[in-house]
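Accompanying notes for the structure given below.
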Amino acid sequence: MSVRSFYRIQQKPVCNAMCLGNAMHITASVFINDNESGLHADYDRWLEQLAPFDAGSDPATGGYLHNRTGEDNADAHHKRQIMGREVVVAITDGRLHLGPWEHIFYYEFDGRRRKRILVKIIGE
Amino acid sequence: MSVRSFYRIQQKPVCNAMCLGNAMHITASVFINDNESGLHADYDRWLEQLAPFDAGSDPATGGYLHNRTGEDNADAHHKRQIMGREVVVAITDGRLHLGPWEHIFYYEFDGRRRKRILVKIIGE
Amino acid sequence: MSVRSFYRIQQKPVCNAMCLGNAMHITASVFINDNESGLHADYDRWLEQLAPFDAGSDPATGGYLHNRTGEDNADAHHKRQIMGREVVVAITDGRLHLGPWEHIFYYEFDGRRRKRILVKIIGE
């Protein structure tokens, strides 16, 4: 999901500000990169290499201790550290001040439960 | 160390703000994830795989050039990049606006010298 | 490039504030770490291991789907996720509030086109 235009929810534009956007959940990421489907398929494969899904809980066979809590989403907690929790974006003249190819994305690595993103704007 | 409740140091609550928390040291991280001991043991093992400790300074045998400065903490500078330097957290109605499972952690990858975390709050 | 002293561009110091510095480009990073040349050579080698350059577009042989767009910089989009897009630094008494060894760096992973960094300061 690209949320490049979420600033339109502002009734009265904030002119000079910072906008924080963060995942409120610890198996998810908000980050900025390219809006190109091949790249996102590349990320998917790459993150699976760096932190493979394994429902097991024995580190000797590739499992995660975290999964002894009854979860099977330990890999998601790892993938989120690579991609990051949050972005802070400048607002100038009432608009998100993004570079020409910057798009904001939300990645969900777990997929369970209802999820929320927090957007906070501080400024004038 | 979980510092979820560090906002209580505010005498007069800041009602609508952003709170920056960052490690002031370059071999440490402040990040947000789950307060579950198994996960933190998983992170420890995972970071050691991605950036192994090696006191040597010869890249051909797994060492780091940085260790030619007399340090042996090059791996710590790498681990910190994976986990991140800082978090920015919204403050709403005088409280840190965290998701249900979000906890703030400080990781120390080197362990030498006295360390500090910076907390800065900007808002109303 | 270390930009530790970029706050000097302020004519009138901002006394109590947050300073956002971010790459405006999605194959670049702004991050904080040590100003030591060996470490940066180590990062270069490490990032190449984690996300190797490959101009190809066949994942089966180490290529990236993103390169089917005519680019050959998919690895740069991956390296930037490890090193991060942005830093948020406190400003106290009119100066960047950095730890003793903190320096701000810009990494360019692609090298093409003219690039810009955004610096935004919000505060009093």
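To keep things simple, chains are lettered A, B and C as they appear, and every chain counts its residues starting from 1.
The rule we apply is simple: contacts are C-beta pairs under 8 Å (C-beta built on N, C-alpha and C of every residue); 3 or more make two chains touch, one makes a residue touch a chain.
In this text the structure is predicted, and so the values were computed from the model without any measurement.
Participant: If you fit chain A onto chain C using the CA atoms, what's the rotation angle, as a multiple of 5 degrees?
Facilitator: Between chain A and chain C, the superposition angle is 120 degrees.
Participant: Tell me whether chain B and chain C, two copies of the same sequence, contact each other through the same residue numbers or different ones, using over half shared as the line for same.
Facilitator: Here the answer is different, because the shared fraction of interface numbers falls below one half.
Participant: Using mean CA coordinates as chain centres, what's the chain B-chain C distance in Å?
Facilitator: From the centre of chain B to the centre of chain C is 18 Å.
Participant: Mind pulling the chain C residues that touch 2 or more other chains?
Facilitator: Residues 18, 50, 82, 84, 88, 122 of chain C each touch two or more of the other chains.
Participant: Touching chain C in the complex: which residues of chain A?
Facilitator: Per the touch definition, chain A meets chain C at residues 16-18, 31-34, 36, 38-39, 41-43, 45-46, 50, 82-84, 87-90, 92, 97-102, 122-123.
Participant: What residues of chain B sit close enough to touch chain C in their complex?
Facilitator: Where chain B meets chain C, its residues are 18, 20, 22-26, 50-51, 57, 59, 64-69, 74, 77-78, 80-82, 84-86, 88, 116, 118, 120, 122.
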